[in-house]
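Below, chain A partners chain B and then partners chain C, in two separate complexes.
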Partner chain A sequence: MADAQQIEAELLGFVRREVFAPTVELTPETDLVAAGFDSMSLVRVLLFIETTYGMWIPEKEITAETLRNLRSLAAAVCRLLHER
Partner chain B sequence: MSGKLLLNGSDYLMLGFDHELRRLGYAGNSCQIILELGSSFPRARLEKRILEVCSRWPIVRARPGGMFRPQWKPGRNGGPTPSVRVHRDQEGLDQQLINESLASDRGELLRFDLIEREGGGACRLMFSWAHALMDAPSAEYILALLGREDLQMPAEPRPATNAPAAASRSKFSARVKLAWKTLYRIEKMGVKGPRSLGTRHSDAPRALGYRIERFSAEESKKVRDNAVRLCGLLGAAQFHAAASIVELDRLHKRLNKPSPSYVLPVPVGLRLKGAVEPIFSNQVTMLMTQFLTEDSATVERVATLLKGEMQEAMRTDMLESGRVLSDLFRFLPRSPYMAVLKKGLGGEICSLFYGDTAAVNPNLTTFLGAPILDFAHVAAITPSPGIGVIFYYFQGALRVTVLHLLPILSPDEAAEFGLGLRKRLLEPGIV
Partner chain C sequence: MHLTGSLTVSYPASFCAVCLGVMNLIELLQNTADQCPQKAALIDGTEEISYTGLLDQVSELAAQLQELGARPGIRVGLWLPNSILYVALTFALWKIGAVVVPVPEECSEEEIEEILRSMELQGLVSRSPRPGEESAKISERPECYFARIKQAWQADNHGLNLAFIRFTSGTTSARKGVALCHETIRDRVMAANRALGITQEDTVMWCLPMSHHFLITIVLYLAHGATTVLARHVVARSFLEATNRHQGTVLYAAPFHYSLLARDASDVALPSVRLAVSTTCALPQDVAEDFRERFKLPLAQGLGIIELGLVALNTGDAAVAKWDSVGRPLCGFQVTILNADEHGRGEVAVRGPGFLDAYVAPWIPREQLLKEGWFVTGDIGHIDAEGYLILAGRKTAVINLAGRKVFPEEIESVLNRHPDVRESRVYGRVHPHLGEVVEAEIVLERAEASLDSLREFCRTHLASFKVPTRLQAVSSLPRTPVTGKIRREAAVA
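Showing the complex of A and B:
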């Protein structure tokens, strides 16, 4: 099973490629919402997680804390995968 | 720059709406940003900035052309330099100005109206642009560049065209197959097709009108909290759209114009987050969503359906399908394209025009030294349906522009809709 670090790297690669412009300096600690992450970006990321890890993140897990940055999102994905 | 620049499918659709509106006697498909300024500035200072923008981007004076591949033709000298007209403020002036056509076929794609108040001091600036040239985020960006001499013009003078997505590089047959999904979706909507308010006065064009609902900081926070409660953390746009549909349903019923369903084309931005380019382009695709009347009674119900539709659309590639469809239409010459467009509008494919531009460009705090006290978006809408809304946040406070075509919707009816929508955003549970 993927660990949080691996998930973080995969999420970072995806959002760099598909969500944000190449000029945006993106790290695992970047504040996603402040950088322009919106509802459509979220759906794209959720679909990526579903395709990659076979799991749809429940709505109650989509909190300000989870979406603070990619590190917290990856940690949530990792926790949910282990809870399955 | 003397080279030609191709219009993308979304630009071409905006150009098509422009022709259709003009044919029906309206001003065309133009938009306005209206700034309330705390002090005035010399007209020459704005004209100087406009010249700088024109010399960097000749496309702002280009003419649309091209038989089989629609394109902007900047030409050697281009069209006229965008004008700055000065007016004395008077009642009804704003509505008069938004109903004056831009001569876009002669290269007038931008215009500025400076409205001075008696005794000087505060003034109002109306920036008009042809929607075929660019979308609202680009217009905000250009306006910020014009008004802030401290901002550097981007280094790249040549505007980039719409970068082709993977589907656009695929085989023609694969693109047709993908585009067909959108046509099939629209056809299915026809089973319980909508009947818009525009059917009431289809042959009586007059003018575009608008009113703005302004929310205080406290009210805006309440709307945001309601959006999070009903639509999740980033669901503000879905909440706005859902409240609009429920209020539209109420208006239809009050006017005794029941509709079996409501179709809402939801605009989805295609620019990568954090990118302003391509500037002179409409980077939007439309997702057609439909709500049956029996599902349109509560904001919660519409929001749930809308969220599900958006997720399904992403899962099934419907967004790319819509984009590819409009891209393919670019290869139709204007006459058959207009025939398709008119058939679509005549077939009631839209119940409400809806835009959500989110937060206004953060650089729009001052304009040529004058503090920006208020900001408004106004946009043209087509006779079917003859009603539209735009949501945006200026300095953290929500604004909603309600657009209506006279006589399809009177000012009183537009006010009724606007006030009803306001109440619904603040108290989404009200019946």
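Showing the complex of A and C:
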């Protein structure tokens, strides 16, 4: 099963490639909302997680804490995968 | 059997031509500004603009655009994200008699080029100067430019008082546009508000892209003196808190947004909200039930059609008892079922006010689009004993991904250009959380072709949200038995 570090790298690759403009500097600690992450970005990330890890993040988990940055999102994905 | 809203209004087919030059949608905004000049028209974060302020900004922008060469009748693409400026520019273009063509902000450069050509745009408003064209800055914050498109497009509006072209996609992969006159939009707005009942007392919490939703929403709210809050919140909790801070009374969003709200784990309530409208695609039952349970408020589901506006809306107790219905036809609309089977299920056809004036590219006038006076919507459904319309599926599917419209044909036209693709079929698969997602079936020219390279090809040529979530190689595509056309329904899982 993927670990948090691997998930973080995969999420970072996806978000860099498909969500933000190439000019946006993005690290695992970047504040997503401040960088322009919107509701459509969320849809695309949720779909990426569903197709890559076979799991839909339950809506109650989609909180400001989870979406603070890609590190917190990867940690949530990892935890939810282990809880299954 | 057909059903009629309780009030029938007669609209002669030549209505627009008769009124040519008489009506302009700016009058709706002026009327509101006369009635409640200091009331907030729009709020975006810490920025707030009154109706008078908005009208002043519209006048300034209109003068600038005229100075830069914008003239009555020209078609101008509006390629901007949601903002107060977006609204002001739309009305400014209307004020000078130009035709607004909204362009989804996520469009790729290649799509923009194609839209400029097919919609015969003579101007483009966007966030950056247009390479190779004469561009002038018209707003500092947010930064925004007007470009005159040099190519000599000879757009012919056929003498109509056009205000808006919303492009869609044709059955032959060619892009086509739905053209609406000022009067037609006014009729739509007035017809829709008989059901929505928007007044100066309302504050609308807005979370959909304006490039996809504008007329029977933003224009309607402004015409009736409501305040619209551009809610950019990503997580449910902050949206709920913002709604309460602004004393929001109306929510207008896609099932995806309601799904997030319904599962919010806090105990924040929505005491000020009187109406929550779910639009764009079928509302999943669990979302409808969870939202009602969580907020003690039913979700109103409606039937909105690009060609007609808001045709039906299911509100109040009926939205609880018949959660899967889009409601009864609104006043002035009639709905009938054509070619019904033994269960009464068949093609949904509609007539009523605000019907489009023409298709653009190629130009097909309103009169030629009706079948014995009815517009066949492409939806399949039935009308129950109490007159409620229940949709069962679509024959010609616009895919709705969390509030954004995706036209299968334009994705197929990109896929079919790839040398490894013999043919393709794009459809919306019902998704329990998002409404629908885009998927594709491909008949490959050679078995060893890579689907990953096809995905990459889509990313290069399409707005990212249109790239199919799933690509599947198949040996043949399902076709309708009589015409041999590719079937649009989602594949059976």
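We take it that the second predicted complex is superposed on the first by the 84 of 84 C-alpha atoms of A that agree within 3 Å, B and C clash if a C-alpha of one lies under 4 Å from a C-alpha of the other, contacts with A are read in each partner's own complex, and residues count from 1 in each chain.
Keep this in mind: contacts are C-beta pairs under 8 Å (C-beta built on N, C-alpha and C of every residue); 3 or more make two chains touch, one makes a residue touch a chain.
Just so it is clear, the model here is predicted, and its values are computed rather than measured.
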{"item": "Three-chain arrangement built on chain A, chain B and chain C clash or fit", "value": "clash"}
{"item": "Partner chain(s) touched by A:67 [first = chain B, second = chain C, both, neither]", "value": "both"}
{"item": "First (chain B), second (chain C), both or neither touched by A:29", "value": "neither"}
{"item": "Partner chain(s) touched by A:47 [first = chain B, second = chain C, both, neither]", "value": "both"}
{"item": "Contacts of A:58 with chain B and chain C, given as first, second, both or neither", "value": "second"}
{"item": "Partner chain in contact with A:3 - chain B first, chain C second, else both or neither", "value": "neither"}
{"item": "First, second, both or neither for A:37, with chain B first and chain C second", "value": "both"}
{"item": "Intersection of chain A interface sets (partners chain B, chain C)", "value": "19, 33, 37-44, 46-47, 59, 62-64, 67"}
{"item": "Footprint of chain C on chain A - complex, ascending", "value": "18-19, 33, 37-44, 46-47, 51, 56, 58-60, 62-64, 67"}
{"item": "Residue ranges of chain A in contact with chain B within the complex", "value": "19-24, 33, 35-44, 46-47, 59, 62-64, 67"}
{"item": "Residues of chain B defined as touching chain A within the complex", "value": "232-238, 268-269, 271-275, 310-311, 314-315, 358"}
{"item": "Parts of chain C lying in touch with chain A, wherever the complex brings them together", "value": "106, 207, 209, 232-238, 256-257, 259-260, 262-265, 401-402, 404, 432-434, 437, 459, 464-465, 469-470"}
